[in-house]
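Next up: the structures, one after another.
The same chain A turns up in both complexes below, where it pairs with chain B and then with chain C.
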Partner chain A sequence: MSSNMSDKKWDSVLRSMDRREFIRTSVGAGLAMFAPRFASAQSGKPYKLGLLLPVTGTGANYADGAIKAVMNATAEINSRGGFLGKHLIEVNYRDTHTKPDVAAREARDVINRENVQTVVGTYSSACAMAIQEIIHEQKILHLAATSNSSKIVNENYTPYTYQFCPNSRMQSGSVVVAVAEMIKKNGWKSYATIGQDYEWGRQTQSGFVEALGKASSSVELKKELWFKLGETQFASYISALMAAKPDFVYGAIAGKDNRTFIQQAKAQGMFKRISYPGGLISVTELQQQRKSIPRGMIGLARAPFFAHLDQPLMQKYIKMHRAKHGEDAYPTDWAVMHYDAIYGLEQAINKAGSIATEAIKTALKGATIDTCRGRATFRDCNNQLNIPAGYVGAVKDHPDYPFPIYDLDTMIIVKAEDVWVPTCGDVQKLQKKRA
Partner chain B sequence: MELDLNLVLSQLLAGVSRAMVLFLLASGLSLIFGVMNILNFAHATMWLLGGYITFSLYEGMGGEGPLLLMIAIIGGTIVMAALGALTERFLIRRMYDRELPEQLLLTFALLLIVGDIIKIIWGVEDRSVYLDIEALEVGGTFINPYYFVIIAVGIAVAAGLWWFLQKTRYGRIVRAAVYNRDMVSALGIRIPLIYMGVFALGVAIAGFAAGVFLPLMPMALGVDIDLIVQCFAVVVIGGFGSILGTFVGSLLVGVVYAFSILIWPDGALAVVFLIVVAVLMWRPWGLFGTELRY
Partner chain C sequence: MNLENSATQTTDTRRKPMGMLSVRVLALLFVVFLAAPAVLGEFWVEVATEILILGLFAMSFNLIYGYMGQISFGHAAFFGLGAYATAMLFREFTGGTEEISYLQFFVSLAAGIPLAAFGALLVGYFCIRLTGIYFAILTLAFGELLFFVVFSWYSFTGGDDGIQRLLPPPLFRDPVMYYYLCFVIVIAAMAVMWRIVHSPFGYLLRAMRDNQERTRFLGINTRIYMLINFVIAGSFAGLAGALWGPFTRSVAPTLLGWQESGIAVFMTLLGGSAFFAGPMVGSIIYTFLHAWVTGFTQYWPLTIGAIILIIVLFSPGGLLGAIDAWRRIRTRQGSSGVADNTLVKEEPDS
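Moving on to the complex of A and B:
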């Protein structure tokens, strides 16, 4: 691997990762699924998995890596004969268009028509919550690997959903840990927020404001701005933020909108005057904006591979990913979380010794599993995995990678238990809605 | 909030640049409807396709610097003009005598087909061009200098379209065809060729606009749907078929939206669509449209 890799070559890596590799991976997964079927006389009935992710809309930018991760992981498991060595995995993929109505329609269809036993996905908490209504009614397992509104495991809790990513409350809390330190250090007095006007954006922003209010009560919220999903022109918002003259801005922005906002805010000079700590800067942003992303900017990631290079499962996954997608390809946060979800499911099936949904659900309850982010345990009262809540760090070039990563010397990794809803009693109060 | 002069100016600039983005997209839509009576629902998707093509041309040439970007934009515009001509020849031409709902269905199908073609060719990741744009400090505030490029391009396209339609022989024929295509045809002028040229021009402007926007925002699946709704708002306010109306409608939407964000951020979009509702109620043919066209 070369740190001086040319931009053109890197662009071709990114491009080849989505179209050609996706097709190759899909075909590979398909072949891997069918090959052992003829090889083994012991084959049991296939295990049907529904994969609901958007390849259209603001979430499409993240779904590519996630789809590849699921295809690669299932192909690898199928090459061993499938779950329990005899149940080949069949992946039924559906595009949610990042729209809750489409997500709900596709979830219902994939459950009723394809008889899937588990639904993996989706991007956008609003979509995930729409799916939850259906999986709860149909008693189907739901592995939420990306959508992370805290409502998914609290207010909208169902025992059929297992959360593999840090929820929005945990994420906001981890940014607060870092920002509170910066407030002390820099003497900041005020801030403004900007967020996507939908479930996740609102939850993330309110979680941040609430947690920051407790951690640094003297800092004043001067302005809140909300924009519709898919916004293309941020100039007016950026001017309004700069006019409010806050010391820092907190952004609850993800997906394509995040890239557009950072690109336009940089060109409009916002980062010269106002700090922007804790905005989502996952491996996707680091790769795609490798040239333009301001070095030194403090970002938040959900599951960056570079934070867990010591973990055996992460090492195995990176090796697999690079073998399939090229020496310079590294898995995104979204890929890591989906990879963990598939292997988490496999570990539960091995523990249960069965592919029956209720047996897997029971095996997952409070289970400790191996993940790319280390060993982690599902919280008994809401099925939230206690993986790190957030990774906050400064963007910095690194000689080993063709894109910047976080400064590993100063990166803060916040523990789930430090920032999630403190007690199970508190969680149960929030869960009253469905009860 | 204190409205000092710097803030008013920077918000005005933001609003005008937003307006020009909308104008560049809506002008082709309005031109095609004005001349051909075709409501092209797939117009923004053609814009998106133009963006992806320009991106590929730019990357294919090495992907460095504004000069190569300009060459790629010209290439993308030519490709889109050719695609527009082909689309008119093989699809749109069959719809001239059909009812509006059928036209809308066809162009909606085109939107889905082009969207899937983009997905197959370019995948689902966003595509954008990085130019190292440094913010300009003007009167104590920072401004993105690329907004001046967008505004200049918008004004140039508006002036070019006006000159073409008002001052050239071909433009006069196009205008004549709007009012009486049979009479124009009786004069020996081939109407299908005129229509093909107009459709190709409309799509070419969309392709050109997409190339110009590439350093400002990424091309991504789904963006077209968001933009087409705003474009319809612009042409409803300005009047379908009126380039001047589209220009004024874009300015109105862009500037009102920009200042609403300062004063009433939660209702910014609602304010724009309140204007649309008001126009539809009191002047359904738009501010600069004619009752004849309506």
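Moving on to the complex of A and C:
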């Protein structure tokens, strides 16, 4: 494939990934949802899955890929007869609106009305923690594949939640590893931070500041800026950052806000004067801002497909994704993590030989599973999967893709064990007792 | 001046007193709600609990809108304050262990009322100086201010995380038992509200609603009465919020946001703001529809938007307004057009 693919062609790829596609996929999934009701008497009872993700609110930008991944993965498993070859999967989707009270209500809805056995989601960490209260009480499995506050597996831990993405502490730790190298190399003395004023943003920023303080004690934090989710005017924030004259800026920004911030900071010339390493630049940003994103910018990704092209499951997923959504379509980080969650669940069910929740929970405990990001093991004390904590690299055009990716020669992949809470004893000190 | 007559002689259909209809509707709802858990499954019992709590919230809003004639877009701030007061006491009592005694549980619930009342007193002090759109905008501004304080004050409120682990004591973890707890509290709150709106104070509110200037000329300090009503409405909203936290096991700042205030407005419009029972009827329609519609489509906002549009265009008095209009037509037909005044005299003010 050529890197100078026409805009028209690329636009058609993007169009294939918009909400219309989602609606079509939803209809397909809806049909799939009813299919088990007409299945032969020989097949087992259907396995009901609750999918809680936002198609409205700030998280909608990422959830689209995640929803597709779940639909594609479940359709593929259903084509083999479902879990254990006999339990067809029914997906019950609800929009959380990126609001915790709505997320809690919808979790209750899918559990009590649809009788789902596992809840997958959601985007916002605050929503995930609201869901945790419901799933713990109802003893329902919860697969967190995007929401990544470290509180989900530490302070708010429940044995029913399994975390498939690097948590905020791991993520900020991985940036610290990369930034500490740059500080040494460039002789940087000061920095500033800007973050979304909510749980994930706060956690990520504080994790970064704390870890950087240990890794490079000489560097000074000059300014901290916070903005409300959904901000559209960053001019004053960018001016304040430039006025502070730090050597670099660290951004704890995700979703649509990230796209807006990068565009406005570029327009105001911030990236020409101040380095911006470690801001979230996932495959979503690389695709959506393929023309405007500054080349050479150092970004952070959670599960970029291009880092694991050697993994059989990733190869299978990319093939499936391109077959469904077009030759030039590649899965986003969010899609990869959700795909892993569904196949992780399948592997646990195969191991348990049963779809009973307690059996699956036991099978997942400390389990090693195959993922798109390689073989990974759930940490015994908090169910955090030890997939890479972060991918830090420079944005660079690549001849094989119609959008830039990271420079594969210099990209740093940080191991989970290097940056997560060091020991299980430390983890248990953070965890609070549940009824 | 006879305020009761003044109120009953208004020609605006949205303002007409409909006490008897409310009484009949409330009696019917009492029986239905009392028996509901016997026929409903767990999910629908939870929906019914939501109806009761949000119905109380909407009724508290209607004290300001339907009785005082001012619209508040920041009423959820008091709902949220009540929820947070309960949640924070929960957190103190349990120490994060999820174990709470019955006494501590009821103390936590009760704490929602004074905090919300205090918040309403502060906000109301400024808002009652204005009326109409200015009153509405100021309530919205204060609501957003309180939302932002709760959202940003991480060390105290938990920021956008909210507060989790609001597990009630063992008996009330059962959805049916929690439902009946809410039922008893909401019925008691409605009885107090009924007494308030049918007291001289309640009629004074209607007088202010219909003509504030004239009321002032009578020598009545309207600001004081508006403030008292604002605080009362905030207290009931706080009580509803207090019940909400343990119901969903968590609270979040979105409970104080303008969108939550919008829910109370929607419910009141759906049921009928001129009726005491209107907001509760609106809560039934809104919450039931929400539960039903989201079961098969993600386009809930589109659905409720269309319903509100229809209500506003074709039945501005809400569902109870439509029923009442139908009853009036039937009565008029049955008594050769002399029944209109008779009806008004027969029915005490709502």
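Before moving on, here are some points about what is shown:
Quick note on the criterion: the second predicted complex is superposed on the first by the 410 of 435 C-alpha atoms of A that agree within 3 Å, B and C clash if a C-alpha of one lies under 4 Å from a C-alpha of the other, contacts with A are read in each partner's own complex, and residues count from 1 in each chain.
Going forward, a residue touches a chain if its C-beta (ideal position, glycine included) is under 8 Å from a C-beta of that chain, and two chains touch if they have at least 3 such contacts.
Computed from a predicted structure; not experimentally measured.
Once the two complexes are overlaid on the shared chain, A:Ala243 sits against chain B while remaining clear of chain C. Contacts of A:Asp380 after superposition: neither chain B nor chain C is touched.
When both complexes are overlaid on chain A, the residue A:Gln233 reaches chain B alone and has no touch with chain C.
Contact comparison for chain A: of chain B and chain C, B touches the greater number of residues. Of the two partner chains placed by the overlay, chain B and chain C both lie in contact with A:Val55.
After overlaying the two complexes on the shared chain, residue contacts for A:Glu358 are found with neither chain B nor chain C. Of the two partner chains placed around the shared chain by superposition, neither chain B nor chain C is touched by A:Glu327. Counting contacts as defined above, chain A residues 55-56, 226, 228 meet chain B in one complex and chain C in the other.
Contacts from chain C toward chain A in the complex involve residues 41-43, 46, 50, 96-99, 148, 151-152, 154, 159-162, 164-167, 173, 248-252, 254-255, 291, 294-295, 298, 300-301. Every residue of chain B that touches chain A in the complex is listed here, in rising order: 1, 7, 10-11, 13-15, 17-18, 21, 59, 62-64, 115, 119-126, 128, 130, 132-137, 141-147, 213, 216-218, 220-223, 225-227, 257-258, 261-262, 265-266, 269.
In the complex of the two chains, the chain A residues touching chain C come out as 26, 55-56, 93-95, 99-102, 104-106, 108-109, 112-113, 125-126, 129-130, 132-134, 137, 149, 151, 156, 197-199, 202, 226, 228-229, 432-435.
Those residues of chain A whose C-beta lies close enough to touch chain B in the complex are 7-8, 11, 14-15, 17-19, 22, 55-58, 60-61, 63-64, 97-98, 224-226, 228, 230-233, 235-240, 242-244, 256, 259-260, 263-264, 266-270, 272-273, 288-289, 291-292.
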